[in-house]
Amino acid sequence: MNNNELDLKHYDVRTDLALEAKEMAEGAGGGPIPGVLSDVTEDNGISITRLHVQNEQGSQAIGKIIGQYVTLEVPGLRSGDTGLQDRVATHLAKEFEAFLERLSINKQSRVLIVGLGNWNVTPDALGPLVVENVMVTRHFFELMPDQVAPGYRSVSAVAPGVLGITGIESSEIVHGIVEQSKPDLVIAIDALASKALERVNTTIQIADTGIHPGSGIGNKRKGLTTDILGVPVIAIGVPTVVYASTIVNNAFQMMTEHLEQQRGDTDKIFGLMNKMGDNERLMLVKEVLNPMGHDLLVTPKEVDQFIEDIANIIASGLNAALHEAVDTDNVAAYTH
Amino acid sequence: MNNNELDLKHYDVRTDLALEAKEMAEGAGGGPIPGVLSDVTEDNGISITRLHVQNEQGSQAIGKIIGQYVTLEVPGLRSGDTGLQDRVATHLAKEFEAFLERLSINKQSRVLIVGLGNWNVTPDALGPLVVENVMVTRHFFELMPDQVAPGYRSVSAVAPGVLGITGIESSEIVHGIVEQSKPDLVIAIDALASKALERVNTTIQIADTGIHPGSGIGNKRKGLTTDILGVPVIAIGVPTVVYASTIVNNAFQMMTEHLEQQRGDTDKIFGLMNKMGDNERLMLVKEVLNPMGHDLLVTPKEVDQFIEDIANIIASGLNAALHEAVDTDNVAAYTH
Amino acid sequence: MNNNELDLKHYDVRTDLALEAKEMAEGAGGGPIPGVLSDVTEDNGISITRLHVQNEQGSQAIGKIIGQYVTLEVPGLRSGDTGLQDRVATHLAKEFEAFLERLSINKQSRVLIVGLGNWNVTPDALGPLVVENVMVTRHFFELMPDQVAPGYRSVSAVAPGVLGITGIESSEIVHGIVEQSKPDLVIAIDALASKALERVNTTIQIADTGIHPGSGIGNKRKGLTTDILGVPVIAIGVPTVVYASTIVNNAFQMMTEHLEQQRGDTDKIFGLMNKMGDNERLMLVKEVLNPMGHDLLVTPKEVDQFIEDIANIIASGLNAALHEAVDTDNVAAYTH
Amino acid sequence: MNNNELDLKHYDVRTDLALEAKEMAEGAGGGPIPGVLSDVTEDNGISITRLHVQNEQGSQAIGKIIGQYVTLEVPGLRSGDTGLQDRVATHLAKEFEAFLERLSINKQSRVLIVGLGNWNVTPDALGPLVVENVMVTRHFFELMPDQVAPGYRSVSAVAPGVLGITGIESSEIVHGIVEQSKPDLVIAIDALASKALERVNTTIQIADTGIHPGSGIGNKRKGLTTDILGVPVIAIGVPTVVYASTIVNNAFQMMTEHLEQQRGDTDKIFGLMNKMGDNERLMLVKEVLNPMGHDLLVTPKEVDQFIEDIANIIASGLNAALHEAVDTDNVAAYTH
C-alpha cells in the first residue's frame, strides 16, 4: 500500500500524533488543509479533536496515513483527580464505540488487545499495563460458552514484548497469535512520541490506521495493519516521551511567537534562525545536539504514576466500549 | 500419545519433580524401580540426579512421562552466595548441553525460549524473569546475518502470559509464535510445585518431555509438547510453591520415620494413621483442609529475592549452553 | 513493666493475634477465661471480635499483654471485591475511633504513623505500603497553619526500614523521630504471623498495647511502646505469614476433631499423638522439621495483590478515623 | 552561616553540580576564577575533576558553598558495561577515602548513610536504592561487638522518605536518628538536577559541604549540614534530571558556538538573542515555557536501568572506602 511508504523520515516531525502533524502543516501553510477535516468539542477540561485524513492529498500534507484520528487532550490528567479520570474513560468509551460502528464491528465480534512495549522501561510500559488491567473473557467463551452472561463479547489480550528482549518482531508474534486465536478486530496500545512536553501523559489518540513502521517509541520496524494481520486494527496511543531536540526546536518557535506579540521585530532578535523553515532549523538543532550524545528521548520525572493512571483509564474505557454489560457510568469498577 | 493421558489426578502426588515422584514410589515399594534408571553425582553442595524413565513400566510406577530428567539440588542456594550461583549455572550449562546432543540439536539450530507464568505473581514469575535476562540474537540473524560473530546461534524468547490475563491458552500463543518464527527447538521455563518445602527455590529440573497438562503452578490445561508444536521441547522447571496439604502430609511421614528411629513403636504413637497408605492419608488431609479454604499454594516469605537469583542462574546457564562463544567459566557476565 | 517480660517463647504460640491466643487457651481449658472479656458482632461477611484482656490473670492465660484488642475477620477479602473492601475500611475506621476515644486522643492531637517492615519482601511490606498510601498533613500545619481546612489534624508517616538493611533498631529510629516531631500518638502498622493459613491477608487486628519484642514477622527485638516512646501506641497488624510447623501442628488438631466427629475413636487412629498436649506436639513437629531446614515462614502465592489491597483498606480506614473531614461513607477516595 | 544564604534563585543556574557552575562562570567571564582551584585527571573513559572553592570570592563567583567537590564523569556509563562500572566504583572509593582523610575520619569512626529521595519516583530513588544495596554493620557492633571481624567499621543506613509522603522534613527525621544512633559522620546520597542531558546518570559528585536548601530534585527546604546535625556531612550526588528550560537554554548556547565556528557571523543568525546574557536569556526561555505548564523536570526514558546501575556503583564504592577488609579490587562482590 502506498501510504505505508510515506517517507516519515523526510518530514522528521518526530510526532506520532496526527493532531500535531496537522498543527505543524497549518503553521507552515496557514489556513485549513485540503483533504483533512477536523472538529473539536470541549467538555470541562477534556478537549476532543476528531480528524479525518480523507485522501492522498491530505495524507501528503500532514504526513499521516488516510483514516480517522480522534485525540482526547486533558491537561489536568497529571493531577491524579479520580473524578476526571472516570470522565475521560467515559469519553474514551464513547469515541471508541464510534470507531467500532464505522468498522461494522458487531456485538459478537471477537477482539484481541495487543499491548506493545517493554514492561521494564516505565514510559514504554503503557501497552503491557493496559493488558494487565483490561477484562479478558475469551477463555470463558472457549471453555464454557453456555455460561457467559449476556452483554459480554470475547476479548483476549497479549503483551508481545519488544524486539530487544524477544528477538522477534512484535508484528510476527501478533500475526502468529491472530492466526491461532482468530479475532475479528485487533486493538493495539502503544506509547508514542510527541513534539510537545505538555501533551505527554495527558493525551490519548485513537486511530483506525493500525500501527505503521516508524511510529511509536520502540523499534517497530514492521507494522500492525489490516494488510499484515487480515483484520481491522484500531490503534490507541499515548505520548509518553519527547525528543530533546524537539523540545529545543519547539521552544524556538514558541519564543518567536511570544516575541512577535510583545516586541514586533523578531528578525532583529533571532536573525537568520527566524528565516529558516521549521525542518531546516530542526536539522540544525539535531546537528548540534546529536554528536554530543544527548538527543535522548526524555520523559517527565513522575512518569511512574502518570503511566499507571492513564493505563487504567484506557482499560476502563475499553471495558465499557467492548461489553454492553459494562456501563459507561461506572467503568472504573471493572479494572483492577 | 498414551503417556499424555496418564491420570496424574489419580496419583495426586502434587509434585512436578520426577525425583520426588521416584522417591515416593521407592518409599512405597522399597528398592529400585524397573524401567527407571538413576545416578547421582555430587560437587561440593550441588547434587545432580540423572533419571531415565525408560519405558511404560517405569512411567506407570512413578507417574511421569517416558524421558530424561536431570535435577540439580543446591540446598545452599537461598543464602545468596554468588560464587555458588556461578557454579550452579556452569553445571546447568553442561547438563543442558547433554540434552542438546541427545536431541541432535546442532550449533546452527534455532532456539525459542518460552517463559511461562505471570510476571505479577512473584512465585509464578520465574519464566518471564528468565526471558528478560537471557541473551537474544534472532533479530541480528534476521536483520544482518553477515555481521553476527561466530559462536552464536539464533535465540529468541517470549513470555506468553497466563490464561487469566490473556484469555488465550499459553500453548495456543506459543503455537502461533512457533509457526511464524520457525525455531528448531523450544525451551519452556516454568515454576513448579514441589512436595518438600526445602526443595523450593533450591532445585532445578531439566526434562526432554516438554510441559504436560496438569504440571506447573498455573492453569496450563494444554501442554507444550513435540506433538503440539512440531519441534522438540525441553522443559526447565524450578519448584517455587508447595501445597499446604502436602506440607502436612509430608510432615506425617517424616514424623513417623523420626519416631521409628527413636522409639521403635510408631503404631502406638500414630495409631491407624500409620497404617494408611500415603495416598489415602493425603486424601484425608485434604478432606480436612479443603473445606476450610486453606489448601493454598504457599511459598517462602523471601520469595522475591530467591526467584531473581534463580532466574539469573538459568539465564546464565542457557547463554553458555546455547552459544559456543559464551564460556561456561564466566557465564554470569552475559546476563543483566 | 511486668507484662513486657511475659515469656512468649514458653508459650510458643507462634501467633501474633490475641484472638488466636484466646482460642488456643479455650481449646485447652474449655469454657471462658477469667480476666478476658470478648464479644463478637457480624456484618455480612465481616466478623468483629472485641477482646479485653483485663488483668494479669487474663494476660497469663492467653499470653498477651493487658489491653484492648479488636479483630476484623473477612474471609472474602482475598476475592478482590472492591465493595467489600470499602465496607471493611469503614468498619476499621469506626473501631479505630473507639480506640482514640478510650485513649482521650482529641481532634487536634497530632499523629505519627509508623510502617514497620521491609518494602522489598512482599509479605513484610504492609507497613511501608500503608505509609505510601495514607494522607499526610503535618507539613501543611507546619508551613501554612492558617490555610489548613477545618476537619483535619496533623498526621505524619514514616517507614523506618528493618534492622538488616539499616543497622539500627526500628525502635531507635522511631524514638528519634518522635523526639523531633513530637506527635501525641503513634500508630504502628506491622505484618504478623498467624497460626491459621485462612486468616492470612483476611484479618486486621487493632490493639492499644503497642508493639512488643518478639511479635511480628521481622526481628523487632525492641518494642514500640508507651514506655519507650512516651506517647500512646496503637498497633494495627495483619497476619501475612504462617510458620510451616504451625500449619502441620494445626492440621493434627483439626484432623483429630474431624475424626472424632466421624468415627469416635481417635485414640486408635492417632495413638499417643492424641494424648500429647498442643505444646508438646508442636515441639515434636518442630524437632522433626527444623533440622531439615524447612520450618520456613510461608505465605500464599498470590501475596503481591493481597498485600496491596489490605494496605489500601488500612490507609482508607485511618484517613476516615483521623480526619473529621474525611467521610466514612467514601473513605477510598482519599487514598492513592 | 553566610554561605547558607547564598541566593541560589538569583543565579538560577538550575544545576547542582559545582563543575557546571564553574563552567558557566568561566564561560561568562573567560579564564580562571579567583578562589576556585581545579585539576582534572583522566583514566580511560573516566574523567575526575577535583574542584576546591577556597574562599568567599570563589563561592560568590560560581554560586557554590566553600568546600571540596570531586566529580567523576563517565560518558560510557549508560552502556551497561560491568567492567567499566567496577572501575568507576574503585575510583569512587579512592576519591572518597581522600575526603575521609581530610575530615580526619578514622577507621573506627561510625558512619550513617542517608538515602534521600522517593523510592516510588524512579529518578528520585537513587538514595533509597543505595541504602538497600550498601553493607550495614552497626547492629553487629551493637549486638555482638566481640565477634565483628577486623577491618570493618560501624555503618548504618536510612531512607527518610520525602516530605510529601512523610509530612516531616527529611532533615528533622535524620536529626532524630543522628541523636539516637550517634554516628561520627553522615553521608547523604541524593539525586540532582544537571544543566546538561549528557551528564544525567553518567556523573557522580562528592562534596564535603553537606546538602543545602534548594539543592537536589525534591523539596529539601532544610538542609543536612554540620551546623544542623553536629557531625560532618559528605554529600554524594548523581544528576538524574534536567529542567526542560535548561535543555532549551543550553541548546541556544551550543548552537551559537557551533555556528560561530562554522560561519562566523552569529549576530546575523541569532540577532539580539545572542547579545543577551545567559541569565537574561534563561529568564526569557522560562517566561515562554512556564505558563504553558511544561517546564518539567525530565529524565531519559531508560532511567529505570540507569538508576539501578549507578546505585550499585555508589554502594560498591562506599563499601570499599568504609571498610578496610573490603578490597577496592573487587568491590562489586559485597553489594546485592
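A, B, C and D are the chain letters, set down in written order, and residue numbers restart from 1 in every chain.
By our rule, contacts are C-beta pairs under 8 Å (C-beta built on N, C-alpha and C of every residue); 3 or more make two chains touch, one makes a residue touch a chain.
As the structure is a prediction and not an experimental result, all values here were calculated from the model.
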{"item": "Repeat of the A-D interface, chosen from A-B, B-C or C-D (over half of contact pairs identical by residue number)", "value": "B-C"}
{"item": "Pair of chains joined by more contacts [C-beta pairs], B-C or C-D", "value": "B-C"}
{"item": "Chain B and chain C, separation of their C-alpha mean positions in angstrom", "value": "37"}
{"item": "Chain C and chain D, separation of their C-alpha mean positions in angstrom", "value": "41"}
{"item": "In chain D, residues with contacts to at least two other chains", "value": "120"}
{"item": "Touching residues on chain A, where the partner in the complex is chain B", "value": "119-120, 131-132, 136-139, 154-161, 163-169, 172-173, 175-181"}
{"item": "In the complex with chain A, residue positions of chain D that touch it", "value": "75, 120-124, 196-198, 217, 241-242, 244, 247-248, 251, 254-255, 258, 266-274, 284-285, 287-289, 292-294, 296-305"}
